[in-house]
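Look at the two complexes coming up: subunit A is in both, with subunit B in one and subunit C in the other.
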Partner chain A sequence: MTWKRVCSAGDIEPGRLAPFVVDGITVIVANLGDDGFSVFPPSCPHMEEPLDQSGICAGLILTCSKHLHQWNMRTGEPTGPEENDRELLRYESRVEGGELLARIDGELVYEHEDDEDDDFEW
Partner chain B sequence: MCQGVALGDCEVLVPSRIDGVSDTAREPQYLTGDLSEIRPLTRDVDTFSIDLDRPVTFDSGQFVVLAVPGLNGYRAYSMVNGAAETSRLDFVVKRTPGGGFSEWLGVDRAGTTLDVFGPLGRATWRPEEEKDLVCIAGGSGIAGMMSIVSHALSSGHFERHRGDVFFGVRTREDVFFADELARLVDAAGGGLSVTVAYSEESSTVRDPDVPGGIRAAHGFVHLVAGERMAGAWGNRTAFVAGPPPMVDGALRMLIAEARLPASDIRYDKFT
Partner chain C sequence: MPARNHKRWNEVPGELREGEYIDSRIYSDRAIFEEELAKIWKKSWIVACHESEIPEPYDFRTTTIAREPIIVARGSDNQVRAFLNVCPHRGNTIENRPSGSFRNGTASGAPRHMTCMYHGWQFDMKGNCTHISREKEGYQNRLSRNDLGLRRLRCEVHFGGFVWVTLDDAIGKTVEEWGAGCFDCLQKHVDAEPLEVFHYHKAIIHANYKLWHDTNSEFYHDYLHYHNRITGFNDAYFARQNTGFENGHVTVGSFEVQYDKYEGFESRESLSFPGLPPNHWYMIDMFPGVNFNLRGSALRCDIMTPLAPDRVLIEFRGLGLKSDTPEERMSRVRHHNSIWGPFGRNLHEDLLAVTTQQAAMNEHAEPRRILHGRHENNTIHDEIGMRHFYDEWGRWMNRRPSDPEKPYAAAA
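On to the complex of A and B.
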């Protein structure tokens, strides 16, 4: 339950995203303009593409340029035309005194298909 | 493009939906074909054809993969021809320094028999799609755009819809297909524009070497397309092909600036 400083709110322009390392954990911060910030893990939920390179922000929607999968950065919900049932994991975040804080208790990671105990349905 | 080869028995886990090929005529097939019509177009771009052992049917914008005797791995090349049932496929290839296929190819290779697998690829267009088109191509990425635009022309698409092609090359010397593009513009009767974007030329003056009807611009092709198309993005399908950095730049522009829905963007990265 620890809130940690990620960056200053002014470090990223609205409509942009950038990676930051907080206590050894890399996160991506997206500035959603009037909708605040979204803080999420650095690899694409789909196939682990590095989102600091492949991530494109348009309003609340994050698009990964690898296969054009899309997510709502506020809710984490998948959206867009590609079949995609993976949520975008997010760290809770808030701005206090011009600083962006996120609740980072441990690294959020996706279970990809090569994991042992996947729940893939045939 | 994935070139993984299984070294033994394996189980394959397919993590996403497989789009069945709805039309069995378009199922990819193992074919063979003979190289023909090999000709240089610019200092580092060649055109070549393959005469297949039997006809194939493909959608405009698709590609095949080719294997040359003695060279490991397949290489992907997009058809230049408009979609049809055909036994001859036309291609363009940009020479990559040290490239196994692109440097091997030369006029004296005519008659060599290659293994061909295809057609493949989802960055395709069909005449029943009632939208304007925008094509953004870097270098040999123009191949699939020629296929799409000629098919759109022959199916009467430009009588009802617009098409705008942006073709990025480094300098004036690197332009090819200028006559073919000019013919398409002419035949489309106002429905089609072609803009050649020079990334390394210093002036934006009209290029006397580009025949009438083709516009010239200075800058990276995706930026030129973004500027020239401002305000005209409604009801568009966008096609993008070329080297990965150019494709990434174009996707960024189409999503973040043009705000096209992802369902209206189709692309091939020439990796």
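On to the complex of A and C.
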């Protein structure tokens, strides 16, 4: 179990998110203001949308602007009006001496199906 | 010969017979045009693009066939598929760009998917619908994404890597069968190794699509081409044969062209296509509107998309071998442009001819006869190519090209 430095706590304004690369692994860091930080993988659990472009923070809620799927960034639970049963995976994180640290032992990835089967018939 | 009064002008001239002349209304009448789209263009194999334009998985190209929007995309399995470019939800156009890649997603959609920007519906490269918003809340159990795949179209990559698409599920013919042997003269040379498009341009011409096909179907309009008249001819040029094939296709036989005798030209001796002797010139006119023209080192393909009775979109492509060295490619490009480029030998003159032809047979003009009556042993002076095309046209339309008010009858 390794804690690794991701960035300085002051690198991201509250209510914003940004990508960082830690030992070759890309993560998204969201500044939740009084609720600290959330560190999670860069692609949307839904369909691999790039969250550094499509992710929008509002309080604890992350919205992917592509299909409006939403998650609570503290708990990872899906929320909002879209049907969504996928959890937002997160890396454990803490702030120490003004530095944001995350426990990154390996890359967290979602399983996505490639194209569905081509069972088309004329 | 004296000029003719109105009565004489309207009589069939000389002893020309049915099949040797056609009525100008088939180039200008709106109802006939709409009927052509329905009876011919929606029922034929049409070239959408070349596979080298979508070389990587998730690459796509869009076009239209008979006003229907079409998208051709390469899947992760490398297979090329074609679909109606229409969202099954509210009928929006799914992809508006002429070409690109879905690999990294779009502004409103996920990577590796087509996205309708309107409501974010998603489709994979096989046409499966993979996401619709509020599927269960909105449709309960009445409708699911499994019911909402794209409209797939029959699609084949054939005859040198061209992507053929048809709107007719029941066409009952492969592209090979559709060709009916007309591609035999070139097939092994263009199928030996992958080809690649090196030139593309398109133009909307103020002419009926058949006029462009006509000008590709006879070779004795060199009166039009100043450079042709003064350089490069030999007897073999005029001895070439037109050959008709089933389904309305026509080829023009080859001969050895003395390109170095063309003023300002160089020999094409050193560069050809696999197994093909150098300096040759083959022409394949396929029904209803695609033309393949191989001149020694460069293959040209004209794809016609009729837009209106007096408008046709022509897409011009030049192709060489994918394996070309940079030097070989430059030679092919130079040879292509010297004939067909904007300052080339004859393309612009052909375009001028069909435009002025159309101007004289506009939809309000009195119907008149267009003569296709030359018989010269099927050589390039012979108008057999056009007669063959219009006989096929009449069959598909069930109209007589010489009098479109009457039903088709085979020429005597």
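Assume the second predicted complex is superposed on the first by the 114 of 122 C-alpha atoms of A that agree within 3 Å, B and C clash if a C-alpha of one lies under 4 Å from a C-alpha of the other, contacts with A are read in each partner's own complex, and residues count from 1 in each chain.
The working rule: a residue touches a chain if its C-beta (ideal position, glycine included) is under 8 Å from a C-beta of that chain, and two chains touch if they have at least 3 such contacts.
Treat the numbers as computed from the prediction; the structure is a model and nothing was measured.
Once chain A of one complex is fitted onto chain A of the other, the partner contacts of A:Leu68 extend to both subunit B and subunit C. In the superposition on chain A, A:Glu48 makes contact with subunit C only, not with subunit B. Of the two partner chains, subunit B and subunit C are each touched by A:Pro81.
Using the contact criterion defined above for the overlaid structures, shared-chain residue A:Gly15 touches subunit B, although it does not reach subunit C.
After overlaying the two complexes on the shared chain, residue contacts for A:Ala58 are found with subunit B alone; subunit C is out of touch.
More residues of subunit A lie in contact with C than with the other chain of the pair subunit B and subunit C. Common to the subunit B and subunit C interfaces on subunit A are residues 68, 81-83, 120. Those residues of subunit C lying in contact with subunit A across their complex are 75-77, 79, 104-105, 108-113, 115, 120, 122, 124-128, 130-131, 133-137, 149, 152, 154, 169. Chain contact summary for the complex, subunit B toward subunit A: residues 13, 15-17, 248, 251-252, 255-256, 259, 261-263, 265. By the touch criterion stated above, subunit A contacts subunit B in their complex at residues 15, 54, 56-58, 63, 65, 68, 70, 80-83, 113, 120.
Those residues of subunit A that touch subunit C in the complex are listed here as 44, 46-50, 66-68, 81-83, 114-118, 120, 122.
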